[in-house]
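A single structure is presented below for examination.
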Amino acid sequence: MQTYLQFAVLGLGLGAIYIGLGTGLLLVHRATGIINFAQGAMAMWGAYVFAQLRLDGTLMLPIGSIDLGRRPTVAVAALIGLVTAVLLGLVAHYLVFRPVRNAPVLAQVVVSVALMITIQALVVLRFGPNNIKVDSILPEGSWSLAGIELSSREILMTLIMAALSAVVWAYMRFTRAGVATRAASENERAAVLMGFSPDRLAAVAQVIASVLGTVAVTLGSALTGLNPENYTLLVVPALAVLLVARMESIGIVVVAAIVLGAFQSIIGLLVTKPWWPVWAQSGFDQIIPFAVVMVILFVLGRRLPSRGSLQTVRLPDVVIPRLRLVPAVVLAVVGVAALALTSGSYRFGITTSIIVMLLALSYVVLTGYLGQISLAQGAFAGAAGFTLSKVTSNLGVPFPLSVILCGLVASALGMLVALPAFRIRGAQLAIVTIAAALAIERFVFNNYSLTPPEGNPIAAATLFGINLSVREGRDLSRLSFSLMVLVIAALLVWMFIRLASGDTGRAFLAVRANERAAASSGINVRMTKLIGFGISAFIAGIAGCLIGLSRGQLSAESFTVFAGLQVLAVAYLGGITSVGGAMVAGVLGPLGIVYVLLRGVFDLGAYYPLISGLGLILTAILNPVGVAGATREQVAWVRRRLSRGGTAEPPPVADATPKPKEPSHV
Amino acid sequence: MPDDVLLETRDLAAGYNGVPAVRGLTLSVGPGEVVALLGPNGAGKTTSLLAMVGLVAPLAGEVRVRGEPLGRRKPHQIARVGVLLVPDDRGIFFGLTVREHLRLAGRKNDPSREAQVLDSFPVLRGLDGRKAGLMSGGEQQMLAIAKALLARPKVLIIDEMSLGLAPKIVQEMLPAIRDLARADGIGVVLVEQHIELALSIADRGVILNHGRVVLRGAASDLLRDRHLVEAAYFGAEEFASENDDKTLAV
Amino acid sequence: MSDPAGRGLETRSLTVRYGGLVANSEVSISVRPGQVVGLIGPNGAGKTTFVDAVTGFTRCEGEILLDGVRIDALAPHLRRGSGLSRTWQSGELFGNLSVAENLLAAARKSGWATVVRDLFGRRRAGAGRDVVDSALAVVGLEDVADTLARDLTLGQQKLVGVARALAGGCEVLLLDEPAAGLDSMESQAFAARVRSIAEGNGSGQGPGILLIDHDMSLVLGVCDVVNVLEFGKLIFSGTPAEARTDPTVVAAYLGAPVEASHA
């Protein structure tokens, strides 16, 4: 019993961080309606600044740095860290979130994910990828309660964070700006009509949230050290806490954060017990936030408050694709030629680009056509790859069958994740899927009893006696493997175009446009979503198998949450609504041909994640149709111009006209 | 006379996606004056009001406050100039208490003004800590009007006050609004479906149908010539077939 | 009210509550094939709530029958499938699809079988185009078939909404404020179309139509029967001629004359 209590208290350290992040998430959501997936990443930056100052007296800026000569005191360093947090909050508001305030939820989710990727990439570049030690502001020590020694630092941290949350609560309750924030979160139009500027209220909220998170992470990192991944992803349990509090109650955020932190710590103790099953030892604590998210969303479902804004900007348009012989042949010839004329890392880069194109295509199906958000595509791919390793090495299932089987496994997983989508959508669906992705990553891919550290071997494919393995002897990128990838990709693109141009694609687009109207037109909305998730996960699953085959084994690094999010980034960047966009995404994608060129020719490989993150922020704000969409518009403009002999209008830009707002009466 | 005009629209057209829901609207309201904007649903009344407070951008024409064009001002800036709209959803916040509403509405701490407004809506005194979502429709509407008046507006625009309310409540509230408007020199624009009630407290009436002004005049005249109003509502054809000897003033 | 065949739509004591508020109280009406029935009432009377309840978008008590069969337990898309079609006050077209695609979305089936057919079945050029053309012909908009829905004028959007509701056939059509925002010319033309839809466009009997609108001249001019709602209750049911002179109807619409003592 004593040990349990001690572990519960140790878990308070985690709980205190959840309080900070959860309260910040709540405040930002109430002020802007946006779920800020970058909350953890933003909080991490100020903590890094603090840590670096204490380490060697360098004030690290996003670009460049200032050497203060000697190490500042803890108080000065902490103050500088907090000032950084204030500035970051303002930058995030004015440069990132304000431009998408009236954008579709998808763009808002994407922009916050992009900010998360960007900050994380910047941290790796500026502070390095490894864990660094952080000075403790709070004294170490222990208090004794009824003879049990309890760590005092975690308790103090929790008290500090709870007190700061109470200050935020008082701001919301007793100040005019705070009351106005609550008012605007309920009815923004009415608040505007009373003379309040929602923008200014949102800026204040972003700053408070950023400071609160930074304090929490600065305190917490003294316990765990800082690395670019751990605090970025702590946003997921903080989101679970936010949902428990129904996005409304700061008091419940505090309580839920403490309970979750303590509970996860106790789980950490339980998994070491002899009776605990070995296969469930690692990553089990990450199942809990996911389970909480699922239960809350199922129980509360639609009753969670959503925050509307004044007007909506629509999602990018879809041009229904047609199968055309000439472009198809040209593309195939270009693909074969590109693969045949290159070798080594360049051929491998092109092959990877083709696989990433498939992952991006899975986003086109789900997000571009069906309008659903999923941050778990990487996990679907990984699940298929994982299964491939099992069915090929343990069961000996032969090649084409094994890949199809694994695609179907991913498809089933996708449909399982679709179940919450029956009741929720938008940002909440993003929360479910990122929690699912994290749970799968930690519990399956990083679980040594399921995935040994040396990786799961995947048997090379052979078909009719042809060796399709990726490497042989000193050839690390065999042509026959690359051609197989190309053929499979071509088959999937063909399949996509058949569906997209048929009744299925139309039903998807109808659901994306308007679920009520779709239901009243006789479309089974739930079934349609299930089909969409199934097809999308199938494509992602095949891509996952190809990744596995291209590596010869399944390694967890290929399928981290971040890898998945980076694919989302390039998919959106390329254009989330078309095959062309997916192709652009493939070219630009992680480890794809552009990456290989960046690394090989310009030696800029390290900057790749930062560039893709920044590119995504800019795309989401300025050009929601993506590279492919913008190109298509330019081409259409040129065509019109040619046909009309120079009297054409300028190309249409993404239009921001408000939809007619009809007063709805009961 | 121009000094006396608080709010005016000149040849205003407004609508959505470039399609006007109302056009050619010229209208003015002076201090202490109540103008009723009437017409069947879909006539363009609400769009007109939204254009006055900047929530819908005018397609043509302009809106002036005290002779000064509003131009591209944002809605919250227009509210700060003193043009307040009470929208048809009442513009109140269900999660906030009455006290919090009053706190938001008063620019400065202004106890005398608050007392004066609450005197007109005494019911609200007893509901200080009550959340608006738990109040009756009538109480909510009173809160909506009270909070607008508390900010000492120059022009108060009220959309469909009677929506979902029993006529009796509206009958009690409208005269209180008129009296406060007269006392403080506030100009009031009222959109109302209960024509009789609206005209009974208004100085002037303007009737829209299919996005255009079809009838305007002194409220007393319109009340007297009720059949003209009905004709404007029910459509001119009906009117012409049953009352051959009258013509509509357009 | 009793039709021996029991065809068309019938509601029995339909009641909708939102928390403590009763938005529809024991509303019983019927719409027979070929009949145009009006449902009018002041703002907030519960008209749209009634349509939402009948089509499955709002929970309700009471019975809803289509051709004598209870449909109140069915999901909205199944009610559409069994022949109950509706339009929406704000059009609610699929703005990112062309008009023809809007209609096809309603007329063509979707599901796993469709996925297989899309993948492996043979495509005919212009499949389903006849359905589109005939539905658009009913509302007189054949020439906009390839326009994006959101590029239409409001009046056209409403008509396309009607065409989409008709596409693939229906027994009863509920029109929620189809004429709001139309000018008087468009409104009159629309009345003629409603009538001709109910008459099956000259091919005998068409669907029954429930018309909700504020344009009194439209409703009174085109309907066979008029129902009036006020505060969620049915206060009148009768012919347009009776409605025009009925004092409760006039009072509900324009407000009862104010007594001198109140003014």
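Lettered A, B and C in written order, each chain numbered from 1.
Quick note on the criterion: contacts are C-beta pairs under 8 Å (C-beta built on N, C-alpha and C of every residue); 3 or more make two chains touch, one makes a residue touch a chain.
Note that the structure is predicted; figures quoted are calculated from it, not measured.
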Whose C-alpha centre lies nearest the centre of all protein C-alpha atoms?
A
Tell me which chain's centre, taken as the mean of its C-alpha atoms, is farthest from chain C.
A
What is the distance, in whole Å, between the centres of chain A and chain B, each centre taken as the mean of its C-alpha atoms?
47
Inter-centroid spacing, chain C versus chain A (mean Cα positions, whole Å)
43
Could you grab the centroid distance between chain B and chain C? Build each centroid from C-alpha atoms only and quote it in angstrom.
32
Two or more other chains in contact with one residue: find those residues in chain A.
660, 665-666
Two or more other chains in contact with one residue: find those residues in chain B.
16-17, 163-164
Residue list for chain C, restricted to those that touch at least two other chains
43-44, 154
Show which residues of chain A lie in contact with chain C when the two form their complex.
314-315, 317-318, 320, 495, 498-499, 502-507, 509-510, 512-514, 516-525, 527-528, 531, 535, 660, 662, 664-666
Can you name the residues of chain B that touch chain C in the complex?
16-17, 19, 21, 40-42, 160, 163-164, 167, 171, 175, 193-197, 200-201, 209-211, 229-230, 233-238
Would you tell me which residues of chain A are touching chain B in their complex?
176, 179-180, 182-183, 186-187, 189-198, 310, 657-661, 663, 665-666
Give the list of chain B residues in touch with chain A in this complex.
16-18, 46, 53, 55, 74-77, 79-80, 84-89, 91-96, 100, 103-105, 147, 151, 163-164
Interface residues, chain C side, partner chain B - complex:
42-44, 150, 153-154, 177, 179-184, 187, 214-218, 220, 253-258, 262-263
